[in-house]
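Structures for review follow.
Consider the two complexes below, in which subunit A is the common component and subunit B and subunit C are the respective partners.
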Partner chain A sequence: MAQVSIRNVVKRYGSVQVVHGLDLEVQHNEFVVLVGPSGCGKSTMLRMIAGLEDITSGEIRIGDRVVNNVEPKHRNIAMVFQNYALYPHMTVARNIAFGLRAAKLPKAEQEQRVREAARILGLEELLERRPAELSGGQRQRVAMGRAIVRDPQVFLFDEPLSNLDAKLRSSMRVEIKKLHQKVQTTVIYVTHDQVEAMTLADRIVIMRDGVIQQIGTPLEVFRQPANLFVAGFIGSPEMNLIEATIRHKDGQPRLEMPGGIDVPVPPRNGSGALADGRRVTAGLRPEHVVAGEALAALPEDWRARATVGVVEPLGSESLLMLDIGDREITGKAVDSNLPAPGDRAAIGFNLAHLHLFDPESEQAIY
Partner chain B sequence: MFAWRDRLTVGQKLAIWAWGFLAVPVVFYCVIRFYPTFESFAISLTDWDVLSDPNFIWFENYVRLWNDPVFWQVLGNTFMYLLLGTPISLLIAFVVAYYLDQVRFMHGFMRALYFLPFLTTAVAMAWVWRWFYQPVPIGTFNNILATLGFAQQPFLRSTTQALPAILAPAIWAGLGFQIVIFLAGLRAIPSSYYEAARIDGAGKWQILTEITIPLLRPTVVFLVVISSIGFLRIFDQVFNMTPQGDGGPLNSTKPIVLYIYETGFDAFNMGYATAQTVILFLILLIITLIQLRLLRGR
Partner chain C sequence: MTADAIGTGAAGSTRVGLFRGDKPIRPGRIVAWTILMMGGIAMVMPLVFMLSTSLKFPHEIYDLNLIPNEPTLENYTYVLADGRFYRWFINSLIVAIATTASVVFFDSLVGYTLCKFRFKGRAIVFVAILSTLMIPTEMLIIPWYNMARTFGWLDTYWGIMFPGMMTGFGTFLMRQFFESVPDDFIHAARIDGLNEFQIWWQVAMPLVTPALSALAIFVFLGNWTAFIWPLIATSTADLYTVPVGLSSFADEADVAWELIMTGASLATIPTLIVFLIFQRYIIRGVVLTGLKG
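So, the complex of A and B:
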């Protein structure tokens, strides 16, 4: 059993504090993704778990053991680096067996384990090649082979797909997921790519400036973002974030948005606390700003009109850039009969998926 | 109007420009380097003595070399400088660079300190070391030995100790350069290799032998070639540290370059000196080619 507990971990470089009291519990066999923009402290956190960086204060446990001062090699972890860190002068087989040689395993067992890892990752044909003779995806697989061959308690991945092109990245994503299902080990994975985070994670940890913003399953962070940052970071295309004002009418809160748009706030947890005149930031994902046929499914008073700026057909659906007042928001339409740029089109807001944030504290309030 | 220009392809025009610029160094090398080299082969087949006209004597100079016991001795000495100097200097330079690389405190200052001897004139250094080797009370080394209660050593006066005694400052002088090159090589190894190795549980020795040294191979090739050439051409230290600059005692420290110098510029036996030069040239060429082949690997 290898759960990883991170308790109140702080990292300081001189006077600059980059990680501010992080708490995180990773369960056995769980796939946790740390995601955030560059400089958010996610890689530093991973390197502290690996033991490549000291922690300034706090506690890191792997299994039942506090590892604050334990050498990386005694933490029973394996790490896959962004640049793969494959030794260019060794064959694939020697690269994979590096850790086994370090552990002074008998030759026969080394070979057997390398073969097993190669089989899992489909590297059997490549064992005698050198890294320079491999493609990016193959190198990535060798790096994973070097990790799994040691049978570690925890796998650490540091942006392992960043050096691959988009197509290869999505296929390697699937391979990593398959690998996790096969080897059943705790995984902590760092990326700046929210799509990777969504597709791979059991739970996502969203970080900014060394502080955890939200921890949750991919659907939780997608459906209930805890604050403006998470709302804007998760989801592609980005959630529309619109400055708006609460206006009470007949005792019911309504949302006044730019462009003279005025829609009701459906009663829900938190809607009671919305005072008349309160400034809020309204969040609606593009798929919840619709035009065309999808309008029919929405109540009459969830609709409005907006000027179509740009239409981007994606095939199965199209993105609409819509001007409301001086703001541009993104909507989606699935019909083939699309409004033309410049049209004043009917649009609808699916307010069942409305998010409201306090513009000061940036926290979700509804 | 410029139709003649358009007759050439862009590639041809570029080539003309390139050769235009290259012409100066090419001419310089042909006249100053290559022509005298080939001229040497011709002179080595004559009995030219500077004063009278040279007579063509076929391979007589080479036959004489073959039968000259001093030539065989200086050849042996030269190889002693090479075979002791190159490995010892590279080993010391690597060890110093390896540890210096891990030192952050006053790193630049320490590196400068090691580099300093490389900037100093060999002649001045040779004379200082010559004093170091004197008997008590002048010589530092013998003073230390005497203070510690050991017997004085003859150093430069001994036929067995003189060569290593002369080699020491030669190694020391080149160390700074080698250390700086090794440091650059060490810095070029990505830190993620070491981090991956630390996580994989590799010990210091495994990291050194499986990662650091193999990845330093290009650096080592470069330094072995450069320092081998240096030791094969050793001259300044011997000329300045032996009495009368004769490579004594009893020719025990005389390298081939000093023998060439004596033959050519003391005895004015240019034909014979040139024959020795040709032999040195061939030795340098062969050793360099072998080293490049051996160390370059894949």
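So, the complex of A and C:
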């Protein structure tokens, strides 16, 4: 069993604190993805779990053991690095066996394990090559091979796919997912790519400036972002975030948005606390700002008009850039008779998916 | 119409071809070549003279002709038959190999530590090492001599070698080269269970072979040709290195140039071998470090 517990972990470099009291429980066999913008402390956190970096305060447990003062090699972990860290002067086989040799495993067992890893990753043909003679994706697989031969309790990945092109990245994503199902270990995976996070994770941990913003399943963080940062970070294209004001009319809260748009706030948990005149930030994902046929499914008073700026066809759907007041928001349309650029078109807001945030605290309030 | 178009197209392409062939030789190039050529001759001439003198009889050495009138290998037979030269040659080899091995080992160890470990005083240590580069050797000879005399190192191999067993320059060079070794390599090795010394030796060192080779060449040549300190540190002919020994061919009465030049010609052989061996690693090393994700 290898759950990982991170309790109130702080990291300081000199006087600069980069991780601020982080708490996280990773279950056995769970695939957890740490995601966040560059410099938010993801790699630092991962290196602390690996033991490559001391922790300033707090506690890290792997299994039942506090590992704060345990050396990396005794933590029973394996790590895959962004630039693969394959030794250029060794063959693929030697690279994969490197940790086993260091651990002085019997030759026969080394070979057997290397062969097994090569089989899982489809590297049998490449064992005698050197890293320079491999493609990016193959190098990536060798790096994973080096990790799996050690049969670790916990796999740590630090942006393993960021050096690959988009197509290879998505196929390697699938391979990593398959690998996880095959080898059944706990995985902590760092990325700044939210698509990678959404597709791979059992749970996502969203970080910003060394602080966890939200922990949840991909759907939870997508559907119920805890704050403005998460709302803007998860989802592509980004959620529309619009400055708005609450106005009560006949006792019901309504949302006044730029461009003279005025829509009701559907009654739900939290809608009662919306005082008249309160400034809020409204969040609606592009797929919930619709035009064309999809309008018919929405109540009459969830509609408005907006000027169409740019139309970006994506194939099965199109993105619409819509001007409301002096703001531009993104909408989506699926049908073929789209409004043309420059049209003053009817649009609809699917307010069942409306998010409201407090502009000061940035927390979700509705 | 079509034929016309093809015609002009063909003419156009010929013209391009012509332009390519006729790249005009710019005057700047001629000047540059001339200067380079003169520089090349200036550098090669002494060597050619050395070789040619070694093939001459004593009476001919002041005729500055490049091709000896009566070429002879007599000087070589003489120098090689004289046991002293072997002795000096071995002495030089011992000194140069030992200092080279020591410098390559310790300079890269210190350079690696200064580059990859964070500790209090790291910057001060580095600056202190750098500042030794600014002290000319001539100023150090007297302190070295006093030190060697106090410890009884005069007239020993150690006495010849000790000032060069580590160099500030090599430490600096290696530190800079270790910057190019990504930390992830070191982290990966640490997770794989290597100790810090193994990481340095098995992972970091193979990645900086070009720098090591360059350093080895410099240090070997420097020690092979060193003259002043070995001259001062030794007084028995048995401990002379080749340069010191050769200079002793010039006694007060008579300078035996042909013998000096013969010894010097023979002495270039190890430097050539060292260069040929390590130069390969420089080239291969560059190929290795050119590897990126």
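Convention: the second predicted complex is superposed on the first by the 366 of 366 C-alpha atoms of A that agree within 3 Å, B and C clash if a C-alpha of one lies under 4 Å from a C-alpha of the other, contacts with A are read in each partner's own complex, and residues count from 1 in each chain.
Just so it is clear, a residue touches a chain if its C-beta (ideal position, glycine included) is under 8 Å from a C-beta of that chain, and two chains touch if they have at least 3 such contacts.
This structure is a prediction, so every number in the text was calculated from the model and none was measured.
Upon superposition of the two complexes on subunit A, a steric clash is found between subunit B and subunit C. Using the contact criterion defined above for the overlaid structures, shared-chain residue A:A78 touches subunit B and also reaches subunit C. Of the two partner chains, subunit C is the only one that A:N163 touches; subunit B does not reach it.
Once the two complexes are laid over each other on the shared chain, residue contacts for A:F98 go to subunit B and to subunit C alike. Contacts of A:G63 after superposition on the shared chain: neither subunit B nor subunit C is touched. After overlaying the two complexes on the shared chain, residue contacts for A:P264 are found with neither subunit B nor subunit C.
When the two complexes are overlaid on their common chain A, residue A:G137 makes contact with neither subunit B nor subunit C. By the touch criterion defined above, A:G21 lies against neither subunit B nor subunit C after alignment on the C-alpha atoms of chain A. Touch criterion not met for A:G309: it reaches neither subunit B nor subunit C.
According to the touch criterion, the shared surface of subunit A, contacted by subunit B in one complex and subunit C in the other, consists of residues 50-52, 72-73, 77-79, 81-83, 85, 87-89, 98-99, 102-103, 146, 150. Taken in their complex, subunit B has these residues touching subunit A: 190, 192-193, 195-203, 206, 210-211, 214-215, 217. Within the complex, the subunit A residues that touch subunit B are 50-52, 71-75, 77-79, 81-83, 85, 87-90, 98-99, 101-103, 146, 150. In the complex of the two chains, the subunit C residues touching subunit A come out as 182, 184-185, 187-194, 198, 203, 206-207, 287-289, 291-293. For subunit A in complex with subunit C, the residues that touch the partner chain are 47, 50-52, 72-73, 77-79, 81-85, 87-89, 98-99, 102-103, 131-132, 136, 139, 146, 150, 163.
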